[in-house]
Amino acid sequence: MTVRAAVAGASGYAGGELLRLLLAHPQVEIGALTGNSNAGQRLGTLQPHLLPLADRVLEPTTTEVLAGHDVVFLALPHGQSAAVAEQLGPEVLVVDMGADFRLKDPADWEKFYGSPHAGTWPYGLPELPGARAALEGSKRVAVPGCYPTAVSLALFPAYAASLAEPEAVIVAASGTSGAGKAPKAHLLGSEVMGSMTPYGVGGGHRHTPEMSQNLSAAAGEKVSVSFTPTLAPMPRGILATCTAKAKPGVTAESVRAAYEKAYADEPFVHLLPEGQWPATASVYGSNAVQVQVAYDEAAGRIIAISAIDNLTKGTAGGAVQSMNLALGLDESTGLTTIGVAP
Amino acid sequence: MTVRAAVAGASGYAGGELLRLLLAHPQVEIGALTGNSNAGQRLGTLQPHLLPLADRVLEPTTTEVLAGHDVVFLALPHGQSAAVAEQLGPEVLVVDMGADFRLKDPADWEKFYGSPHAGTWPYGLPELPGARAALEGSKRVAVPGCYPTAVSLALFPAYAASLAEPEAVIVAASGTSGAGKAPKAHLLGSEVMGSMTPYGVGGGHRHTPEMSQNLSAAAGEKVSVSFTPTLAPMPRGILATCTAKAKPGVTAESVRAAYEKAYADEPFVHLLPEGQWPATASVYGSNAVQVQVAYDEAAGRIIAISAIDNLTKGTAGGAVQSMNLALGLDESTGLTTIGVAP
Amino acid sequence: MTVRAAVAGASGYAGGELLRLLLAHPQVEIGALTGNSNAGQRLGTLQPHLLPLADRVLEPTTTEVLAGHDVVFLALPHGQSAAVAEQLGPEVLVVDMGADFRLKDPADWEKFYGSPHAGTWPYGLPELPGARAALEGSKRVAVPGCYPTAVSLALFPAYAASLAEPEAVIVAASGTSGAGKAPKAHLLGSEVMGSMTPYGVGGGHRHTPEMSQNLSAAAGEKVSVSFTPTLAPMPRGILATCTAKAKPGVTAESVRAAYEKAYADEPFVHLLPEGQWPATASVYGSNAVQVQVAYDEAAGRIIAISAIDNLTKGTAGGAVQSMNLALGLDESTGLTTIGVAP
Amino acid sequence: MTVRAAVAGASGYAGGELLRLLLAHPQVEIGALTGNSNAGQRLGTLQPHLLPLADRVLEPTTTEVLAGHDVVFLALPHGQSAAVAEQLGPEVLVVDMGADFRLKDPADWEKFYGSPHAGTWPYGLPELPGARAALEGSKRVAVPGCYPTAVSLALFPAYAASLAEPEAVIVAASGTSGAGKAPKAHLLGSEVMGSMTPYGVGGGHRHTPEMSQNLSAAAGEKVSVSFTPTLAPMPRGILATCTAKAKPGVTAESVRAAYEKAYADEPFVHLLPEGQWPATASVYGSNAVQVQVAYDEAAGRIIAISAIDNLTKGTAGGAVQSMNLALGLDESTGLTTIGVAP
């Protein structure tokens, strides 16, 4: 089986990473590539690392251009996916890498995005309970946010096993590609090299309700999330440090057992041996997730830490993994667990 | 007044930063510079950024060499300061940049360092309640750890004003100079560039009891600390993200007011205007501390964040600030609040 | 003596670095600070590392605002300085950090900048033969470009001593702050971290004629320059690798002797001991220049290498050094040779 | 066909990169992995990015361990390969990633390495004239040095087309992984981040005769090389800026034509469109080479610039490419021209 895939939004970081992965996917043929302000430009100029596509030219993002594909990936600014998706037939697999269809509660959407809620699609994080089944055969996929991917995989096993109190405290460091390719002064190399700085502090980051949604589902009760993202001086990677108070009776052994159980058969999540901790460099360019967990007896808290590549497992790799499931392919097709290091 | 200062341990990062600051101090004359394995080497080789001292040669760390100074700074490995300090007379100001004399509770020391406790000296963080008075005229100073400096200044106002529950959750990112100059494979540039990774997770980091000691003193009750340090791809800087559950009745206004009161007259701590967040680049090479605080009403938590230069305010700058107080000089002499950015 | 200084263009990197230095200058009082698009904004927002000036507000760049100062620094886009300078009286010291008054040959200016030549002012690189005398008492100063500073100091001693053939080949690596603060996609942190890339290859960089002008003056004959600048993943610093074929009879000793002679009494240029090589980290934030030279007998070439901080000695430090000379102050006032490292 | 490959020296950067590539090679089965001081350790500890091999344990580098493979890769310190290779039968393909068999002239070897010359094997840079044919079916391959790979591919077309005078001037910037994984103080992250510094200046770098050998062969006359390597603050990548005086009659068109001809059919070398310049980020983790060339008429020089990943095309990718040729496989098997960016 060969599927023909279009990418709407091929000039940005998410689109570029998706193309990198699709080029290595044995069952995908790359079809239309679109952009808006960049339509008409050579991909060799916009994405010089994608040599095999150097001579391709971006087309405008229109229904006509996107028609006639088996899969359409949307790497568009938030709020633009619904209109495009509506124009594509129900037989086309639409994989939305934006936020539009991730949240279940319209109130969450409206509070954090300020526009009417477009709906909810099957959620592209197969490792969560029930998610894989929902993706199989689906024609619509909402790819998770990069932070919710890292945080949910770090912490859901503790909640699924009823080990943690429903108040999670999360601090995550992200590489700068998570902030996108649009030029802004605070994202200049001169500003970010040598600097760590937080943003969206105090509950304002739009990924907060998505994390809460995932952890609450695992816990079977509402989990509140205190989330502080920080910008780190590196192009890629998320390190999520996630802690929650342990429920009474929790031990280091019970924590470890819960994580071993959760990740025994997952192809992309690697629970590290005790004593070894995740590093974003180890998952650079890979779809792997490194997870480690500790129980701090003195403080009475569980500390779960994950490392992902925000562009791969956090965005484009998650999209391909979900596409594989939706199309009935082996989930790992075209994806690697091998990082590019050092 | 001119004081003559010796530096024991002048080849490492702490010693080098101290010399950088002492060279700019109008009332300090730099005396003996010592090392151990590096004794006999030119400082121009070991610290090529200290041009005015390029032709100085390191001497061995002996009582004879250190004798005859008004101030002796000890930048030695943990556990070595007590023996050296004993040999220096009570009229000499000894400023210990190691951990030996920071902790009050011998049990804490023994648990985290595994050796007999050497004692407790006045604590070189003048911004803490009561600390400044204890430093004035003292002949012994224990310079705080870099993480406890960042964390205590971020969080003590909340505890001093009884706004926070006594369970702090802290995640801090540090530049690599905090790990020292001894060559280790995991600290190679190839390993750290592009990578974020935690260490000492689960309560094991030696700075944990020092943070708890400071916050407990401010709170008037025992404050437990969950502390996760992470290594960030930058040479200098600590960004400490510190959160605690708010006590009942806390509001954004009461939190802000507590911080404004705490830092109204501090020369080195800068509470940022609302909406602006600390960045380590802004305090690069300076003794300034940037602090900001938010109240996340949905999560019910106070989030206080600080940025320092781990080598300046976090080590050598704190040492000079304390020396100034101990000698009766203006506290800011020789120190700057201006960072080197971008 | 206290001089009152205005800075036109205080929101950019050059202006920010200048303010950092002026704040430490004992005889300067900082007067008006101006910007264009940023007029009306707090400096604490634009330059958060300059804490003592955080509450200053930028004014528009007008003759009225700049009037009444002893010194006016112009950190303006190329081509704008002449109009502003004309409005300032001949008794005001005007220090232009742009390119407008650096070149002597109008044909060079017109070829590389495409506009009419505004004139030539005394050149602010006191280490060049004759330059110091021309600066003393001058009311107009043209601060050199950052690359010409690094390259001229690396190579002029070889030309002044008639050791090198008049064809210089130069490859220099610059930190990203040299490209300024205006947001452009190729300067994003995501793009520059982990990447080295050249630009302006083949003779097109505007600093090329300025280098040729300086080296030709030293040589007493026209020196052609092949110059390739590269962008390096660091915020600051220039490492200039400069080579030229040795004239007949040159030896390693004669090369060394020429450099020792040239820099025997220079306060800011440090000829390193043999075997030690310049590093940009060693001059971070300092006005020092590290220089080293070798004679490659097999290839018959002299290789001279310099490291500077592009914003300090390469721009704002050079400006202050020249101001000191123009005002009759000690040349080193307010400047340091101590770098911030590691 | 499946070949069984052993890797001697699997714990270092070259060995790790080789394993990353071999894991993706459809016709390679990974056999013995050896180390010396690291024998007995898990690969998951030493190379945490190679998840599929995490549970493999390093064996000692002995003849017994290396026996029974179709291919043996040697990633050993210089000087150790000959002894190991001798023990392996002539039917085994031995690919040496060290320097031992690269140089043809024993005098060059002895001058730069100080030990007796072991011999010369077919040279693993297929893009050079005649090299591909020599590799096909060979049982011994000497993988080029990383700098000679970048430099030879940048410059040989100019020499092959008789466009350049036989004196090349080369300045190259390398990521830190080129310096290996053995911990040394000057390679610490604290030292390299934010710094550019040269080393081996003046003709002393061991890759110099290898470059000269390659360029001389292309030119048909002895080409002298002035080579200055610099260490750049990035983990991977080489940017080589290579210039030579143009021979009389050379034009921009004749230069361009020579490069277009040289690289018209090369699968891994990408001559960029005019106006676009190589960037190491674009070839991160890929076997591609970006090349661009300009003719500076004013200076009379050709400037050819290449970007490679020092660990991929510069070492392990070149090794796999050569293995493919030696085994009669498609040259590109298991290799990619797609970089991991940003």
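All chains are identified by letter, namely A, B, C and D, in their written order; residue positions are counted from 1 within each chain.
Here is the rule we use: a contact is a pair of C-beta atoms (placed from the backbone, for glycine too) under 8 Å apart; a residue touches a chain by one contact, two chains touch by 3 or more.
Keep in mind that this is a model prediction, so the values were computed, not measured.
Asker: Same residues or different residues where chain A meets chain B? The copies count as same if more than half of the interface numbers are shared.
Answerer: On the two sides of the chain B and chain A interface, the residue numbers are mostly the same, over half being shared.
Asker: Any idea how many Å lie between the Cα centroids of chain B and chain D?
Answerer: Computed from C-alpha means, the inter-chain centre distance equals 45 Å.
Asker: Measure off the straight-line distance from the CA centroid of chain A to the CA centroid of chain D, and report it in whole Å.
Answerer: Going by mean C-alpha positions, chain A sits 35 Å from chain D.
Asker: Two or more other chains touching the same residue: where does that happen in chain D?
Answerer: 13, 175, 177, 181, 188, 190-191, 193-194, 233-236, 279, 281-282, 284, 342 - these are the residues of chain D that touch more than one other chain.
Asker: Which of line, ring, star, complete or other matches the graph of chains that touch?
Answerer: Shape = complete; every chain linked to every other.
Asker: Spell out the part of chain B that touches chain C in their complex, as residue ranges.
Answerer: Against chain C, the touching part of chain B is residues 13, 16, 20, 23-24, 44-45, 47-52, 54, 177, 181, 193-194, 235-236, 270, 272-273, 276, 279, 281-286, 288, 290, 336-342.
Asker: Show me the residue ranges of chain D that touch chain B in the complex, using the header's touch definition.
Answerer: Touching chain B from chain D are residues 13, 175-177, 179, 181-185, 187-194, 233-235.
Asker: In the complex of these two chains, what residues of chain C are touching chain D?
Answerer: Where chain C meets chain D, its residues are 167, 169, 171, 173, 175, 188, 190-191, 193-199, 201-203, 224-226, 228, 230, 232-237, 239, 241, 243, 245, 277-282, 284, 292, 294-301, 303, 305, 307, 342.
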